[in-house]
Each structure stands twice: as structure tokens, then as C-alpha cells.
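Just so it is clear, A, B, C and D label the chains in written order, and each chain counts residues from 1 on its own.
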Amino acid sequence: MAKKTVNVALIGTKFMGKAHSNGLRQVARFFDMPVEPVMKVICGRNPKETAAAAKQFGWEEASTDWKAVINRKDIDVVDISSSGEWHHPMAIAAAKAGKHIICEKPLANNLKQAEQMTEAVKKAGVSNMCGFSYRFAPAVATIKKMIQKGELGELYHFRACYQQDWIVDPEFPLNWRLQKKTAGSGTLGDIGAHITDMCHNLVGPIDSVCATMRTFVTERPIADSAATIAAKTGQKRTGKKGKVDVDDAAIFLATIKGSRTLATFEATRFAPGRRNYNCIEIYGSKGSVIWNQEDMNVFQYYNCADPGHVQGFRRVHATDPGHPYTQAWWPSAHIIGYEHLFTHEMYDFITQLGKKKVTYPTFEDGLACQRVMDAVERSTKSKRWEKV
Amino acid sequence: MAKKTVNVALIGTKFMGKAHSNGLRQVARFFDMPVEPVMKVICGRNPKETAAAAKQFGWEEASTDWKAVINRKDIDVVDISSSGEWHHPMAIAAAKAGKHIICEKPLANNLKQAEQMTEAVKKAGVSNMCGFSYRFAPAVATIKKMIQKGELGELYHFRACYQQDWIVDPEFPLNWRLQKKTAGSGTLGDIGAHITDMCHNLVGPIDSVCATMRTFVTERPIADSAATIAAKTGQKRTGKKGKVDVDDAAIFLATIKGSRTLATFEATRFAPGRRNYNCIEIYGSKGSVIWNQEDMNVFQYYNCADPGHVQGFRRVHATDPGHPYTQAWWPSAHIIGYEHLFTHEMYDFITQLGKKKVTYPTFEDGLACQRVMDAVERSTKSKRWEKV
Amino acid sequence: MAKKTVNVALIGTKFMGKAHSNGLRQVARFFDMPVEPVMKVICGRNPKETAAAAKQFGWEEASTDWKAVINRKDIDVVDISSSGEWHHPMAIAAAKAGKHIICEKPLANNLKQAEQMTEAVKKAGVSNMCGFSYRFAPAVATIKKMIQKGELGELYHFRACYQQDWIVDPEFPLNWRLQKKTAGSGTLGDIGAHITDMCHNLVGPIDSVCATMRTFVTERPIADSAATIAAKTGQKRTGKKGKVDVDDAAIFLATIKGSRTLATFEATRFAPGRRNYNCIEIYGSKGSVIWNQEDMNVFQYYNCADPGHVQGFRRVHATDPGHPYTQAWWPSAHIIGYEHLFTHEMYDFITQLGKKKVTYPTFEDGLACQRVMDAVERSTKSKRWEKV
Amino acid sequence: MAKKTVNVALIGTKFMGKAHSNGLRQVARFFDMPVEPVMKVICGRNPKETAAAAKQFGWEEASTDWKAVINRKDIDVVDISSSGEWHHPMAIAAAKAGKHIICEKPLANNLKQAEQMTEAVKKAGVSNMCGFSYRFAPAVATIKKMIQKGELGELYHFRACYQQDWIVDPEFPLNWRLQKKTAGSGTLGDIGAHITDMCHNLVGPIDSVCATMRTFVTERPIADSAATIAAKTGQKRTGKKGKVDVDDAAIFLATIKGSRTLATFEATRFAPGRRNYNCIEIYGSKGSVIWNQEDMNVFQYYNCADPGHVQGFRRVHATDPGHPYTQAWWPSAHIIGYEHLFTHEMYDFITQLGKKKVTYPTFEDGLACQRVMDAVERSTKSKRWEKV
């Protein structure tokens, strides 16, 4: 009997397209899959680039017509890895077509879109995932289990930052992530969404926030190739500039529904030396944990019950048999890379296709995150705490 | 010709009394002092304990009458290291008596007191220091110089926490630091004050805040010896409990006057594993620095101008000849301890006695800090951003 | 025109078989390959397991007849990832058949075999690689470039360890790596070989050694399934034991040909807490570097020329555009995993097929390493320094 | 009744003179001392410098006549902190005079001297300490207790280095530490002695070694002031050079009497970036520990018995109540400095004056260390393992 398969269409050929392709391609090479994904078709705007991506990433076909692809009968799963502005129309269309949907985060460019998308998948009864990839790090999954088992006790503090530095240079050109029209927001939706979801995933739902946001570089060179070259070579660019209308940084405090936990958040692209520093700290009555994405295989753990002469944070490599997902990979301390967050995503999504209760983040989680981001933007304007 | 000396009276025999005594006793043993402090008299409430402290710490005399001591003609400097409630009357009295004054932080138990104290020393024209000891770590002093020279460029982010864990156990007894009457506030004034001053010292004056505060353990055993024993031995205590009316944790966002820097603060005594984790992170357009008090001889530095293949945070031991204060001590990487923050404090205060312009934190700095703490408390109640 | 391809046969289905398969499968999905590997056939002893491996890892065919496979006309490259005892016959056969050869390290189970194998590939004129995979970490490749450019100056010290802990439990069963017949040596050939090659790769050829070796657990349960279960569950096993006739640890000092560098080595499987701690430290007149495999994306660098107030080891994430191999992967600080050491291996081997001068480690390097291991064993017996 | 006191004479006014003075001055200010040291007289060669040192460090008198001082009736303890060449005559004289003796390490400039000194103190029946100061770090003392209680199980590996970088610059001038006549040996006796003693202290007596030593810079500017200035300013010096006749680096392997532990040692002054990196690693059947002097308040600990999902090295601040010596100092994580190794030394020595069985390192320990250094030198010449 032939192995069961599901046919996947992916929309997006850039960073996330590459990452999702790899996850789909690799998942059945490492995990035991009762159902295997088939990489049917990849979809992009530029015919030549999309064809090249199909070949490079291992897709059977390339297409530039996302609507047609979504409506193909042979497609079971639609994976939306395009820029933020497209999430809403694509997800609505895919839901209508009865497809299971994976959608990159942030779920949408604003709250209204997110609500409509969530309603659409519910109505359609399709499996749906919002790509909060960091949940799938073995270290993070371990921490989640520890919290669920009560190993940290009552949680007093959640302290998170997501710091990057790729646009510190004012000559770095405008791209889609730096414009409201395409990205919805700047730092907030791109990386603030990740730490917001990390709080939801590990601690509980945020119910009020107090925030402020800032744009440090308000004009940037238009993202034509000249500008890009200039940014890379460090030459002064003489061409046109465009307005940055999204945030470069967002900071906020938060309270958690039904708990006494205090939470602080800092998302910024202006922290030199921090390339991708998504760091969370959780302090509880029985112990504490710290994790950061730059060293994603490792987490720190403090156990209040340790004997007095040997109390201290442990540096745990989450690569042992006791850590989720690791059985598929290599011996202990033979680390896995960033890309396998997506492999794990695909594993969880595909092995739970059609299930009512799932372990992965859904559109509901994407929507919950969007509500927080909306409240952060409201609070920034109102200069007061806002309910989520 | 005899060396010049100044006579010091110290009020306080506990943790800070011990630390200040050591600073005064050691300063001339390591630094070249044109004027040497003479440890005349230590002042405490309990005659026996104070006599013992005098002997232990190296004071000529012991006294239980602080008013008399302050008014002694032979006393040049009064060092106030008592609990918070006493700072105001003692400082006012010392100023009136024309004494130079060192006062522990927080300067006062509320803003009004701080204003009066600051006015008093100004009027009296006496030298005055507020004991923000962490300014005196060679690493912090190095960072300050770097910022002043522009080595970090424009500062985008100040991210600070001060985390401790000594009262996580709910059986830890009530002490003076956990009562409003004696301490003014809890975490906020004790350790929040330190990171507030760190921001003032390194970045600039905070002009608005948004905050919240929380008390996790609202009742504690009365601090009699039985309670103390119970807390240490972990036995359940059956005796009386008293109300904790100060904060266990305070978190706040802040903006800085005349700059675009965003600042976040977290002060807590409920972070298991963090014994004394006063950690500051500063991100600027040219580089970044990170420092924490638990490893106070070290700081991290990222330089944006480093060549592309070797960019990363450096771990600098601030024990080399290029670091302030280190010339008095040991060869490189032979670290100094916590206590010498106070030795440096005494060095700076005594060598600048009578000067108009000083490098150390004064009552003005203590007052500035108090204004922020006041705004934090106001914001916690109003649930909105408050001007400092 | 069709893309050029080379057909590969892989012998070995376990840890290294899995790792090499992944490297071959992924290399053209990330790197631009003028010639692409085709995964023709995988070869193992057990028909069922080999068939399963073929399917799991993505090979077209499975075979249990390595001699037949090596002599297949359609095979261009033979990849030997079997246990040590088979390297010699397989490599000799593959060379005779005119195949390009990849062979796992250690090249052979003894010096004589290594010499014959090296002679065979030379005579046959085939491309040949010895799988010293750690050379292919971007961090290590960066360090190599730095040394070649003189950025570390004259090298004074090479200090290496390779520490693991997977056999500390005396109930861990005998397996092929713990028997001389199959593995040649224990720790020495398995992990001592890696740090020896690291020295050859980065510093220079070892020309004399002084060593000692030790076996801490001299008898172990026979590696039947009962033993394995016992080891995992921690139960006392009552069955038969077998003799461990290889080393559990090897330590040695070394001198380097034509240089004044002093080198120290420690290879052990008895270092609890060290899962895969391959750590090298190099100290030179202009700077120093430190790297360890457990955190393989990172290295530390000290530059003597840094200004006095900011001297310290930098923690560099070797994931930036300035680091070798990284252009194929993800944005900065989105780390890669252990497996891509092999992807890089395959990239270098295949893109240099047929070249006279190559950048990757060859059988010559494998032989050089074997000479050192032979000298280490001689020195352990003679109790004196031995020439390599 | 007056408190009991002992009168101390110190010989040496430089680095060690300063450190010992501080220890003596501070010990009774922090520890409860049944007998207090009185700092009677400091002894040096240069009258002016010695007088200044007396004043600076807090001694009652200064002297340039060590023989007279040693024979003063009012002196109870002689502390020898002079350069190596003087240890032997001074210790012999002090023993003859019936004084208790503290002597800096290495005990002597050669084995014969060390034997005679040890015999002399035995014969005289005086208390005697050899200043292996690193034993007195709370972290090291904690590790010792853990080993004694069996918390690390059987010890498999001791891996130590002591790396410094203060003479990497070839223009750094000749001083007494770089000449055989005054220092006996170079790196070996100065810092190799420390890690040798660390092994003796924590693991057991070394019974055989295999070693090599090297001098990287064989000529240096004569240590006149011109040379010193040149070294500091980086100018090329044109003056006279002298021969360095001691080792710049020493590496050795060792075995331990009555145990299976393997030990490796590296002592060097040519490790750029390592200012004072005395690092020991101990791996045992139940756990492992790591400590280094640059961050001396901290050690790492791995416990094999930790649950599978949270195994990792803990970073323990040895500043908690459960750590030796800490009760005298500050609250947890308020670290102590290098100087208090000597305060602890003085505490242990003085509180155990006249006892037969002592906890501190004695001349016997100094002699044991000297025997190892002698064997290291013999092995370097013979090019084979040598018995200690």
C-alpha cells in the first residue's frame, strides 16, 4: 500500500519561502511520518525567480497565479509565506477553497484582517497554523513542559526582548518590512509578535499593556538596486529617499489574565551586536529559565530546591533524549540549526492534520497576538494602559 | 608637617555601616590621599552592638546619640547609613551643623523629604553625596567615559533590571525594608533607585514614566527571632504575621529628556537565581555595552566598526591600567570586590571636599532619582504615563 | 542542456550514513552547484535496515553487496561511512575501480592500512577526502583564514580537548567503538583524531608527542539488546561481560614541525557534562581564538591591538556574510546545525572533483593524523617522547 | 582582659607585601579572631620605600635589616614575601629563631632548598604555611569539600592551565621573575606551582610527569627605567639586552599516586587575552567542576544525577552562606576580591597557630610542589616520564 501523502502549495520564494521549503523537504527524512508532504507547487510574482526557486528548493512546479494555485483540486495544504499584505486575501481564498492553511506571522497587517481570517478558517473547518516558529525549538518546548508540570511554580516575571541590528545603518534601504502598507507595522509585527506569542505560549494571555514605539531613522534610500549596493558598500547614496512609516522599536509592559505575572517587552532593530537576540526570562516561585534564539539549542535553568552550596543557573543543551523533537536528529550536543524550527512546525502540522485539538499555534493564537499588537499601538497613542 | 585629616562620624552599624566603615578604613591604604579620613565615631541605637561595631570596624568611639554626634565640633563629615526613615532628620541636622554629608540611597522616603534635604545642603553650602555606589565600579566608570567620548554614538536603548531573590520564600520575615514607614517603598527605592540612577548617570534624565508595581507576598511573619529562625530552617512558623505594604516588584518604561532613547526598567526581589543581578544594557549607534553587578569587574562591549569577520561582544575585565580606579589595586584580572565601590566613593568624596563641581553623585542626583520614583508611584495609580 | 551530475554510492547506514546522506541531499538545495550529486545507492549489511535507510535518507537503491556497488560503472563517487575496520578494504577496492572516494575518519585502524590506502588513491589518481568534518564549521574556516592572513601572528600555544561523556556509566554496553578489532583504537581514533587534525589544519604538522592513555572501565556488558535496555533503564544487568581493549582517554603533549608552538591534547569519553566538547584554543603573538563544537556557530577572538580600555575576548557568531559558507544559509545569528559540516564537506568535494590542488582534507591528511596516533600509542608504551 | 595578639614581621614591600599587609590588616575587621595579628614591622631593601610602605600598608615600623627583625624577641610570626632567592635563608633563620613562618610560593628556588627549609621548620616545631593563596577562594574551598564528601565520585581527569599575557611584548624588560638566579624558574615556579598545588589540594599527589618547557623571547631589555618606559610607551628601545634564562611556558602530563586520574597542565605567560587565567577542570564519575581565577567567585558544577531534561553545568556564585569564609563578608553575589585570598590565609594561619594538624598548606605542601617542579625540569631534559 502506498504511503499516504498530502499535496502542498507554497506562496513565497524569499526568506520564509526558503525556510518553509526546507522544512517540508526534510521532515520525512528525519521524522517517522504516517502522511508525507508532497511539494507540488511554489508560487511567486516573478516567473523567472519562481522557476529558479522551484528548482532550488525542490518543488515540482512553479506558478505566478496564486489564486489558481489555491483553487487547484490536487492541493491539500496552502502555505502562505508571502509579505504581510497578502496574508489576508490568500488565507480567505484558501479557506473558501477548503484548504488546510499554514500562514506566517504576524497573521495579518491589522486586527480586523486577523479576525476575518480566523473566522474564515473556523467556518471552513480547515486545519490552520500561524507560524510562530520559535515555539518549536526543543529548548522552548522543554520549558513549556516544565511550566505545565509546575516545575517553575507560580510565575512572577516574564521578561522578553527581541533585539536585532540590521537597519542601524541609516543608508540601509527601504524595503517592504519598513512600510506600513506592506508590513502593517515595523518591529512590532515582525519580532514583537514573536515575544508576544512566547508569552502567550508559556505564561498566559496578555490582558493589558502600556507601550511606546519609536522610529529612529525616519527616511531611508528607496530600495532600488543602487541603494542596496550603496548600503552594502558603505558609499554615500545620492538618490531618492522614502519615508519610514513604521516603528523601529516598541517597548511595553503587560499584565496576564488570571495571574499575577508582570511582563516586560522590548522589540528593536536598533541594538548593535544583537543579530537575532530573542531572549526570554521567566522567574517563578520554584525556579527560573532563560533562553535566547541566537544560541537556540541551549537554555538556562535555576532550581530553588538545589542544595545551598550548588545553586546556580544551569546551561542545558536541549539536545538530549529528554528534550522534545531531538529523537529525530543527532547525538547529544550535536546541535540543530534555525531551519529545523520549521521542520518541527511541518511535523506537528502534518501529523495533526484534521484533528480538532492541536498542539501547534493556530490562527486563534495569531489573532490573540494581533489583539496585543493593536493594544500596543493604541497605548502608544493614548499614553495609558489599554485593555487587550 | 602632619598630613591633613578629616574627622568622620558614621551613623549605622549594619550592612551599610560595615561597608562604609571598610571604605573609610581602606581608602588611604590604597589611594594617595592628600587628606585622610579619621574614623572618629560610629553611632547606633543599641549601645552594646554599637560598641562591638566600633571595635570590629575600627572606629575610635561609639555613640547612641546621633544628634550629639552630629553637633560635635571635631566632626567634619557625617555619613548617614541608617535605615531610610532617618535620612531626612539626620541630613537636615547635619546640614544645619555645617557638616559635609554622605547619605545612603534612596536619599529619602518620599519626594518632599528629598527636596528639603537638598535645599538644606545647598543652603548650608556643604559637600554632599548620595551613595549610588554602583557608579564607582571601574567597569561603570569606564562605560561612562566611553559614552562621554561618543564611543557609543547616539544612544537608542537603555535596558535595565535589578533582580534579587532573597524574599521569595513567603516565610522570610518582615524587616524594615518591607515596611513603608521605615523604607518608604520596597523594591523601588532599594534597588529600583540604583538602576534609575544608572540611567541618569550614563544616559540622561528621565522625564516621563509608565509603570506598575506588585506585592507578591502580602503578609509575612513578624521579624522576631523565632521568625528569623523559621525562615532559615524552613520550618513552618505558627506565630503572628504582619502586612507587607511595599512593592515586591516595580517595572517601568521611561523616556529621556532631550533624547530619543527608550528605557525599560525591572526591579524585583522575586527572581530566583538572581542574587544581586543589577544589569544594564545600552545600545547606541556606534556600539553597545552590557554590565551586571554580580560579575562587576567585567563588562561587554560591541563595536560596530569592528571588521566583518570578527564582530561580537567583547568580555572586558575592567581591571587594566586603562580603567578608572584600578591603579590603586592589583595586577590585571586580579579582581576587586563589592566593598571597593565604597572605597572609591570615599576617595572621590574626600579628595573633592569643598569643591563646587564634583564628579560623584550629590543630593541633587538623589533628588532626581526620587522624582522618578515618585512618578513611578503616581503612574502605577493613574495607569498612564506621568511626567517626572 | 542537462545539468552535470555525479553518481554517489554510500556505504554505511548508521550515524555517519545518516549525516553523509543529509549532506548529499541538501548541498544543491542551498549551494550553487555546477555539478550535482545523485544519490544512487546506499549499502549496508542488513537488507531490511538498508532498504529502510534508502527510503528514509533518499537513496534510489539499497544494496548489501559493497564490492558489487563499488564496481558499478555508473558510480562516480564512493563514500565510506562504515565502521573503521572496513575503511581499508573498501578504499583499496574503490581506488582500484577508479572511483573518487570520501572516507570517514580515522582513515584506518592502523598506520600500515592508512599508508596503503593513501598509496592506492595516489596511484589511481582519484579525488579523495578524509572526513574531518569540523574543518567545515564556518567558525573554524574563519579562524583558518585569520591565521593564514597573519591576524594571530606567531602561534605560541595550541590547547585542545575533545571531551564526551556517553560511556561514563559502566553499564553502557560494549559496541564496535569499544573494541580494537573493529575500531582500531578507542577515544584516540574517534575523537583524538579530530583534535589532531584540527592542529594540522590550523597550526602545522605535529612532529613529536609524549602521551599516555587509560581505560577506566575495563569490562562492559555484551552489546545485546538486553544490555542496551539495561544501560538505558539503569537496571543492574546480570548477563555476560566483555573486555574493553581500547582507551577511554588519551592525553598528549606535542611539538610542531618548523615552529615553536607548544600543543596539548586531551581526548576522553569520561568527562561528565561534556556531551561533545571539542574545544580548541590558539594563542598567538597578535591575538587568540577559542572555539568549541557544542556551540559551533560561535568563536571567541582576542585582538592584542584593541585599545587598552576595551580589550577582551569577543564572542563572534560566525553567521555573518564575512564567514565562509554562510552565504548559502540564513540571516546572521540564525544558526546552522551540526549536519551542515557534512553539507559543506560535500560542497567542497564535489565542486573540486578532479582538481589537483584541493582545499579539503585528503587521505594525506588522514595519514598524517594516523602517524600521530601511532606515535601516541608508541609513546604510551615507551614512556618517552616519540617522533611522528 | 586584653585580647590576645601575635606580633608579625613582614619581609617584602611589593605585590605580595601589599597583599599580605592587607590580609593581616583586614582579617580581624571581618572575622572573629581569638588572637589578633599586630602589624609590627615591615622589612625591605630600600629604606625610603620601606618607610613609605610601612605608612601606606599600616605597619608600626620599617626596617632594612631582615636578620635583626627575624631575631627580635617581640616577633611571633615572620611572613616571607620577598623574591624567591631569599626564601631559603630567611626561612632557615626564622625557624632557628623559633618563629612561626608564612612563606610565599614557590617555597624555594630549587628542591634542595625546599627540603632544608621543611626540615628546619619541623625541627623547630614552628607553625609554617606556604602561600598557595588560591586554596582560599570560597569556590575552591567548596570544591574541596565536595570532593571530600564524594560528590564528584571517582576523579577521572584534572585539567589545568594557568595562562597570563604580561610578557608577550618582547620589549617588556627583564625583571627578577625572568632570571634563574632570582626566581629559580620562570612560569613553572610562579604559576605552574599554583596549578600543581591545586592538583595536590583537590585530587592527590602527583607521582610522575612528562613535560616540556619553552622560552619564546630569549633576550629582553635590561630592566632599567629606560627599558620600563620603552615597554610602556611601545617605543623601540636601543639599549642593552639581557638573556632570559627561565621558561616562558611549561606544559606537562601527570599521573596521581594511588589513583587513576589523568592530569594535564599548561602554564604560560604567552596567552594573549588571558590576564590571570588559572583554570581548573575536574571530571569525576558523579559530576564535574570548573573554576577560574579571573572570575574567582564563581564555579561551574555538573551533577550526573540531575534529571535528563535539565542536565547542564551550573554557574554557582560561591557567595552564599553555604560556602566557606563567606559568613564574614557581604550578602550573596556581592563578590569579594582577589585580596581576600590572603585575608583567608591569615585567618586560617592565625587561628590555628601552634596546632599540630592544620587545614592550610604547609612547607610540606610547598616541598611536594617543588618535587613536581623538579621532575618537570628533569623530564624536559630527559624527554621521558620522570618519577616525582
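Heads up, the rule we're going with is that a residue touches a chain if its C-beta (ideal position, glycine included) is under 8 Å from a C-beta of that chain, and two chains touch if they have at least 3 such contacts.
Everything numeric in this text was worked out from a predicted model, so none of it was measured.
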{"item": "Angle, in degrees to the nearest 5, of the Cα rotation that carries chain C onto chain D", "value": "180"}
{"item": "Centroid-based (C-alpha) most distant chain relative to chain B", "value": "C"}
{"item": "Inter-chain centre distance, chain A versus chain B - centres from mean C-alpha coordinates, in Å", "value": "41"}
{"item": "Interchain centroid distance [CA atoms averaged], chain A/chain C, Å", "value": "35"}
{"item": "Interchain centroid distance [CA atoms averaged], chain B/chain C, Å", "value": "54"}
{"item": "Residues of chain B touching at least two other chains", "value": "298, 311-313, 317, 320"}
{"item": "Complex contact set, residues of chain A against chain D", "value": "142, 145-146, 300-301, 303, 306-317, 320-323"}
{"item": "Chain D residues within the chain B interface of the complex", "value": "15, 19, 22, 25-26, 29, 56-58, 166, 275-277, 293-296, 298, 317, 319-320, 329-340"}
{"item": "Of all residues in chain D, those that touch chain C in their complex", "value": "156-157, 159, 161, 163, 168, 210-212, 214, 216, 249, 251-253, 255, 260, 262, 264, 266, 268, 270-274, 283-288, 302, 304, 311-313, 382-385"}
